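To keep things clear, I will list the structure first and then write my remarks on it.
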Amino acid sequence: MKIQLKYFGKIVDITGVNEEEWQCTTPKTLQEIKEDLTTKYPALQQEVYKFAVNLSLENLDYVVKESCEIAVLPPFSGG
Amino acid sequence: MKIQLKYFGKIVDITGVNEEEWQCTTPKTLQEIKEDLTTKYPALQQEVYKFAVNLSLENLDYVVKESCEIAVLPPFSGG
Amino acid sequence: MENKSKIKNVFIQGPITPAYIADSIAHHQVKTNIGGHDLFLGQVRADQIGGKVVEAIDYSAYEEMANQVFHEIREKTFEKFDLVCMHIYHSIGIVKAGEICLFVFTSSKHRAMAMDACRYVVEEIKAKAPVFGKEIMNGDQYQWKVNQ
Amino acid sequence: MENKSKIKNVFIQGPITPAYIADSIAHHQVKTNIGGHDLFLGQVRADQIGGKVVEAIDYSAYEEMANQVFHEIREKTFEKFDLVCMHIYHSIGIVKAGEICLFVFTSSKHRAMAMDACRYVVEEIKAKAPVFGKEIMNGDQYQWKVNQ
């Protein structure tokens, strides 16, 4: 399946890109995505961030499905 | 002694004047002034009001001295 | 920090205009230690009173005492809250329904202080400032406003 | 009461100007059931960070989600507080120190409701809106802002 990853704020400093597409063989939990991300970008290990799936914050046990838009969100600092 | 009386808001509807000067023979408490006022303007009996002497709110036992400026203040409704 | 000891004139003849408020906001852009402003605006309501509609409020005040009271509110507010600055403006004379009659402006490094202070100032003004509102209905009828 | 169900765009490119705020205030003068407005303005501070001074904040956001979050905050605020209307504007892009980056505007029949609602909205935004501020110092250096 195909998922869309979007990066914001400080996370972009690490990934170097604002978004990318991933091919995954099976449905995955956000926990598994987090592990894959850390493999690809080891510096993420030092960062605090949350996941949003299709515009809503989700816990790490959330199961990602085909075509999901997954956002990696560092601490908010609006206002 | 001479005192200055100032009227505000609804009180002016009753007194018909914004201010007046009174001659009093002796120092008086605000309680006595209140009685004199009610004699002169009986309709004041129905009204709620406070006294300020020289710009500060004072209780009815306050003793008024020569040249005091006494304001008769109905309920505030600023803002 | 502003000079807090001088008694200022808080009254503005007629309504407080949006342009006046904008000007006041613009003047604070040089104060780069401010992180949050809170502005409270009192607006005259077209209340229905016994089938008649309030068209305007004609504000009068014991101005000399009111300016003294506003000054004391300022002093106490600066003591209680860590503000960069604060301003109070109140209308005197006719303010039509929909127009602004009170403008309280507090600024602080952090948002909570500005908001706490603004609320405090508004409540103090309502309770302590000798200002009197005459609600005008149908052109020539009126009743004296009483604060809730 | 405004239409509450449509998702609006809350973001404004660059600073929120005093003139924009004045315009917004002026638009409320036809709503003669409003008795009190509360406006919160967030302003960029020239904080000192390790000897360097913040010159500007470059705001970015997950705009689609943020607008959704702002929408949910609006809905909840109207449920919790008896408001006539409310507006939220947030900057995106560069906002210099002293300029305004957040404008929350709540209006109600009575002052307390407007003030309670405004505070609620500001806290909700700080906690829930996916907006990210990059504090720019000495032209080319930066650090990512963290809300307190």
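Just so it is clear, A, B, C and D label the chains in written order, and each chain counts residues from 1 on its own.
Everything that follows uses one rule, which is that a contact is a pair of C-beta atoms (placed from the backbone, for glycine too) under 8 Å apart; a residue touches a chain by one contact, two chains touch by 3 or more.
This structure is a prediction, so every number in the text was calculated from the model and none was measured.
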If you average the Cα atoms per chain, which one ends up farthest from chain D?
B
Please work out the Cα centroid separation of chain A and chain D, and write it as a whole number of Å.
27
Between chain D and chain C, distance of the C-alpha-averaged centres to the nearest whole Å
23
Chain A and chain C, separation of their C-alpha mean positions in angstrom:
49
Each of the following residues of chain C touches two or more other chains, namely 42, 111, 122
Where chain B touches two or more other chains at once, the residues are 79
Which chains touch which?
A-D, B-C, C-D
Using the touch definition from the top, list the residues of chain B that touch chain C in their complex.
6, 8-10, 52, 55-56, 71, 73-79
Using the touch definition up top, name the residues of chain D that touch chain C in the complex.
18-19, 21-23, 25-26, 28-46, 97-100, 107, 109-111, 114-115, 118-119, 122, 148
Using the touch definition up top, name the residues of chain D that touch chain A in the complex.
42, 59-62, 64-66, 68, 90, 101-102, 122, 125-134, 144-147
